[in-house]
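Notes for the one structure printed next.
A, B, C and D label the chains in the order they appear, each numbered from 1.
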Amino acid sequence: MKNPLSIISYGKYDFINSLAIEKLESYHPQSNLELEKVPIQDPYSKNGQELRLNFIRQHLKSNVDYLSGEKTFNDNQSLKGNIENYIGMSQIPTGIIGPLLINGSSAQGPFYVPLATTEGALIASYNRGTKACRESGTITVITLQEGVQRTPTFKFKNLIDLAKFVAWVSENKEIFSILTRETSNYAVLNDLGISIEGNILILKFEYTSGDASGQNMVTICTDKICKYILSNCPIEPVYWTIEGNTSGDKKVTPLTTKVRGKKVTAEITLKRDVIESVLKTTAELLCQQWKISSSGCLKVGASGIATQTANALAALFIACGQDVACTGEAATAITRMEIDENNDLYCSITMSNIIVGSVGGGTSFPTQKECLELMDCYGPGKSGKLAEIAVAVCLAGEISILSAMSSGHFTSAHQTLGR
Amino acid sequence: MKNPLSIISYGKYDFINSLAIEKLESYHPQSNLELEKVPIQDPYSKNGQELRLNFIRQHLKSNVDYLSGEKTFNDNQSLKGNIENYIGMSQIPTGIIGPLLINGSSAQGPFYVPLATTEGALIASYNRGTKACRESGTITVITLQEGVQRTPTFKFKNLIDLAKFVAWVSENKEIFSILTRETSNYAVLNDLGISIEGNILILKFEYTSGDASGQNMVTICTDKICKYILSNCPIEPVYWTIEGNTSGDKKVTPLTTKVRGKKVTAEITLKRDVIESVLKTTAELLCQQWKISSSGCLKVGASGIATQTANALAALFIACGQDVACTGEAATAITRMEIDENNDLYCSITMSNIIVGSVGGGTSFPTQKECLELMDCYGPGKSGKLAEIAVAVCLAGEISILSAMSSGHFTSAHQTLGR
Amino acid sequence: MKNPLSIISYGKYDFINSLAIEKLESYHPQSNLELEKVPIQDPYSKNGQELRLNFIRQHLKSNVDYLSGEKTFNDNQSLKGNIENYIGMSQIPTGIIGPLLINGSSAQGPFYVPLATTEGALIASYNRGTKACRESGTITVITLQEGVQRTPTFKFKNLIDLAKFVAWVSENKEIFSILTRETSNYAVLNDLGISIEGNILILKFEYTSGDASGQNMVTICTDKICKYILSNCPIEPVYWTIEGNTSGDKKVTPLTTKVRGKKVTAEITLKRDVIESVLKTTAELLCQQWKISSSGCLKVGASGIATQTANALAALFIACGQDVACTGEAATAITRMEIDENNDLYCSITMSNIIVGSVGGGTSFPTQKECLELMDCYGPGKSGKLAEIAVAVCLAGEISILSAMSSGHFTSAHQTLGR
Amino acid sequence: MKNPLSIISYGKYDFINSLAIEKLESYHPQSNLELEKVPIQDPYSKNGQELRLNFIRQHLKSNVDYLSGEKTFNDNQSLKGNIENYIGMSQIPTGIIGPLLINGSSAQGPFYVPLATTEGALIASYNRGTKACRESGTITVITLQEGVQRTPTFKFKNLIDLAKFVAWVSENKEIFSILTRETSNYAVLNDLGISIEGNILILKFEYTSGDASGQNMVTICTDKICKYILSNCPIEPVYWTIEGNTSGDKKVTPLTTKVRGKKVTAEITLKRDVIESVLKTTAELLCQQWKISSSGCLKVGASGIATQTANALAALFIACGQDVACTGEAATAITRMEIDENNDLYCSITMSNIIVGSVGGGTSFPTQKECLELMDCYGPGKSGKLAEIAVAVCLAGEISILSAMSSGHFTSAHQTLGR
């Protein structure tokens, strides 16, 4: 066996290339002083609400008539495909933070992010984090990979039948791409993984899904492919299923070197004085808290190192018509902090499972559409931007909560702002 | 060292006793024929919506004026402690399923459950699962444990300082219960765990929190206790924090033998003919699918065995004012299926982290209160019932989705009902 | 982006092909009656020892002069490269089991396996398992994948530096294969994986290593490649290391869909009557025990499903000069049992990390060489066979211990044979 | 429910108390200059071997006639209970390192540790680590907990039967301690945990086992208790087994807050100049390597943070007659490094599953007994000391290997000393 010609395994759906690098290097952010800040006074009164609605109407391209209650939902027909046994609309209080200043491979500029929650202190915490980042510079964000999987599973009479089936599948693989193209305008089949355990075979079909989150699209394509295989392969499995529960859908799996949705990494170097003035702690205490938190995650066997990424994602997903049941898998993150040679604090976050869409799902309902438009994330071509904003918000939130925990004001914030 | 007198470690916050057993044994459920079913026709039209609203007004004790859109939220003052930077209300389509027939240590009777989601087919799937359970009998549910933790963490100069601090803490523990009682009317301190790694000490304070989900309450009590320790113990840590990220808050940890919120187990034996008539599969295929799914979870290192518990919990938490960011930790489950001696199918689910409240959090907002009242789960004394309903819904959902996957109609359901 | 041409990701180092299938299908095993069995009487006395030594001399091609104590080690020069601060030889009691009847992609025929241990009942248990398999038929074994990794890790000033470095590496990859070939006669570089977390980059170099276990060989090749990169790439990391602790070396990681060493799967269908006569249990009880054990592993978060694979591997590795510190990673397994349509019991095991060598390491010391020769596994071209025997022994052992646990004689065996 | 009286959960088998603290504080180690070092010249030649054998005979209380080959094993009767199908003795090259200077709650003084291995560079690496520790001061070691578990598992017709069984067990628990005392002179039953999943009940019996590793002892006691329960409890399980595979025996589980065998923590502060002179790196590079390695473990989902603990434990277990198949579970560790306020490097290791015995198992075979006697660890009352030495050796080894990786001489050491 000689050395193979092509040995880079990441190539097919990786985003790092000279174009992306050039885009990141050529960005010139506005200065913090020039940026318009969300008014934070009167956090919940009519007056405060009006201030913020006016701010949105003046500075952002979003109509907020449904969010503000001026218009009421009555287009029941639009519910088709999203709900059954419908009785009405649950209403979730929604706030806005920002600007979050990002230099990303998709998202570039200042962003104002809507979050729907009933947990006091949550939005204040995220807003404080965005401020600390903004006053320290720009959050750099790179999307690394993209992919959605479906993992049909086949069981055979014995290992020899399984081996013959696998040999047939690998000789007939070209047709799977063709079938995908015939079935969907958006889905692209990028990879087919094979995993064998005794007489059970798992085929991992890995797709990209355009700007939709894609879970349904890849189910339909995979079903088509499986039915083709079953009709044509001379070896018959004794059982098969469209999903063997190994795709990571709706559950937390240690997928840290894999991707589900988009894999994104982000970094910011916090300035010492900003840590003191905005976050009311020191670089040393904040770094110490991260060390303790990181080692705590490992001690309890948590997947990754994160403190409140689930807070941001649940709130963002509710506001923006995403699949909220994916919060658990999406919140898996690795944060890192380290004091650098200038005694500033390097902070990064990496998230592998940011499964979001700017089309499909619940994105076109009235308040959801308004929330997406606040960030210019509604419609085709915007899912990459949405994913990068989500990760940058998570980074800001980790910075804020760890700061609070490092200096003893975590408890007092919840006493003042929470119930 | 001789054998200690008391060796049952579960005693303090366990619910299994003769009273609970008697309650379960004396329950006489209504027959399926007598039960009123949620009308499922016209899944989303005005007409269908009205049918279901009338059903609710007639059969359940809930006012649905806000859900239905007849009344509009305008009590901004009530937002205090739940939101900052408020701009308005996100609106999430909400449906209802049921009845779910439960014989539980807290919840007994038929229940109608609201779910807020934008994912097509989700509610239809859960409703089908409740039907299969109801036609097979009653879901038995037992709450096993209860507890919410805060895990302050202390770092010392060296191991000997740490040892002295631990010795002091264990000699002064009675005061911690007193401090808890002084600080909160609801919190009860049940246990104090000690975990040491090098010069780092984690104290795990374990509480019950009445009918609130309790995360803030236990933070405040633990902060009071820590400040007492720091003021009085002669040994000073070099760093301390109210939370070392080991409490399992907002993240998935392999806590399967522990509890966060409530630990609940539920079972139903599905009749063969019901599996065929309602679920359109067979006991053998459904059991085979569970085996494949269970082995799939293990292969990818998922925590527990579950397929769509996150769907039910996200939808229920949004509708009922719960902390949606806890979906990931709460969705951790172990399902199990096995053909019994009558050739029927035994199905169970066990969930350790059902962290819910019937008071506090977002429970008293208009639509949230209406949704809780649909199940008589609003207010003091109702959190145990809410937890048991949540777990029973999850069981119904696992049954339904695995049935769909076992018989090939998973894909077609998503093609028909999803987008 | 259009569909890529090549979408099967497993191709490069997978063993399933028509040749392997043909080899498996053409094997005609001897009948159980014709096979010579290891004499089991007098388990430890001089007399029993002599019986077995004579059996070996008569039926196997191994000289056992060192094992038997007839010759004493005195070739200190041969210790070079294997030990420092040498004081002498630790002596571990060693037994033999078999024959184990295998139809494998590498190993075919009856095998007699040496095991070194001080745990009573261990060898008796494994021998009983081999008997039950042999009386039921032949264990089918397929090697699925092969690979050894080294994962050098690089840290950069920021994400943009990292991106430039990655771009350079992917443009210069052809040279890495050339460098590997120049550095080692055995190592072949098959894949290069890229994983990014903030400003940290992990390069996963994946090799095959001929018939050596390969850990040192791949370290040396990777070091050569890294030094080439560092000398030539215009971007300089701020820190780098030959190993970032992600290769899975000497530790248990959830690598179930990956490989370290060899990934092997094996199956046998146990006959009902053999389960009763040899294993003293029933197919139903044994399957029930597997279900309980499998669910137990999941509840405690164990990697895989196995009961005593570590026993076989530690004993085999000690006897055969393998790296005993790899026992933990190698013992990771997924076993499965299921009653089939004939009411017999299908049993399989899949092991991903069988890292063994038939050359190098401790293979050429006197007793180690004798033990390897007992199985015709000493020298070039034999590592695949050794890996398949190891996995088949593990399967036999899982069958035996679960049988004992299912019928209550686990305890009595340890009371009779253990201390 | 009011606050319970006793809330410290660790009390029963924890070792931290004023006595232990006093013992640690009153220890006065010899200075490094006074300590006798193992001669390291001529690593494997006859001459070097003689030098070291003479050193042992002069300074340690161990007879090394069997290790050195002067005497040959011929007491086949002593093999009873340790081996079946015996054919002879496998011989493993063995070296010695030290002194390792320890101030522990059990082990105090300089220790010389035998290690049996065929991996080149391993012993040199550990010896270098002990030197760096010794020149920096004394390793502080504290044993934190002790326990061995057996987890019988019971399956019931339904949840209500299970609840009744649990209620009966908790009312009859006093008898379990009595039965334990009647069955074994050494086993003490300390705790009984209860875990429920659907109709499956796991009882976790937690014992101490005197100075034996205890796996067989606790099996026999638990069997006796289970048979008592089954004879007396009016509720009958449909299936039961002595072990449901949840005790952590022979496999790696995320037990980091639990114990199996002994839980031990150890620390040393390495002096800057010793890091440079002995370890050929700097405090900053070594700390950076630990950070990378620690984050690598987390990324691949390894249990704990360790690099080569398995090397020390496999080698020590082989030499000292321990159960080598426990290497995987025992090697689970959390290491930590951090630069302190003096710019020295704080290093710690914590290991939860050090399952060792100074009696029973293979401890009394000739070379095994000699190896244990080298450390004065043979016989009753010595298992605590053996556990603490094992953990201290692991700490020295982590320091040495991470140093090598931090400075680029990891590869060269393996090129020079390995094969």
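Things worth noting here:
The rule we apply is simple: a contact is a pair of C-beta atoms (placed from the backbone, for glycine too) under 8 Å apart; a residue touches a chain by one contact, two chains touch by 3 or more.
As the structure is a computational prediction, the values presented were derived from the model and not from experiment.
A repeat of the A-D interface exists among C-D, B-C or A-C. It is B-C, with more than half of its contact pairs matching by residue number. In summary, the pair chain A and chain C forms a contact in which both copies contribute largely the same residue numbers, shared numbers making up over half of all those used. Set against the C-alpha centre of chain B, every other chain centre is closer than that of C.
Separation between the centroids of chain A and chain B, computed from CA atoms only, is 24 Å. For the pair chain B and chain D, the distance between C-alpha centroids works out to 39 Å. Chain contacts: chain B has residues 195, 197, 200, 254, 257, 294-295, 297, 299-301, 303, 305, 334, 336 touching two or more partner chains. Shown here, the protein chains touch in all possible pairs. The touching residues of chain B, when paired with chain C in their complex, are 254, 256-257, 291, 294-295, 297-301, 303-305, 334, 336, 338. Residues of chain B that touch chain D in their complex: 1-12, 14, 16-18, 20-21, 24-25, 140, 142, 144, 158-160, 163-164, 166-167, 170, 173-174, 176-178, 180-181, 188-200, 208, 254, 257, 265-267, 269, 301, 334, 336, 346, 348-350.
Chain D meets chain C in the complex at residues 38, 40, 43-46, 48-49, 52-53, 56, 64, 66-69, 72-74, 76-77, 79-97, 114, 116-124, 127, 151, 153, 155, 195, 197, 200, 202, 216, 219-220, 223, 239, 241-246, 248, 250-255, 285, 288-289, 292-297, 299-303, 305-311, 313-315, 318-319, 321, 323-329, 331-332, 360-362, 365-368, 371, 405-406, 408, 410-411, 414-415, 417-419.
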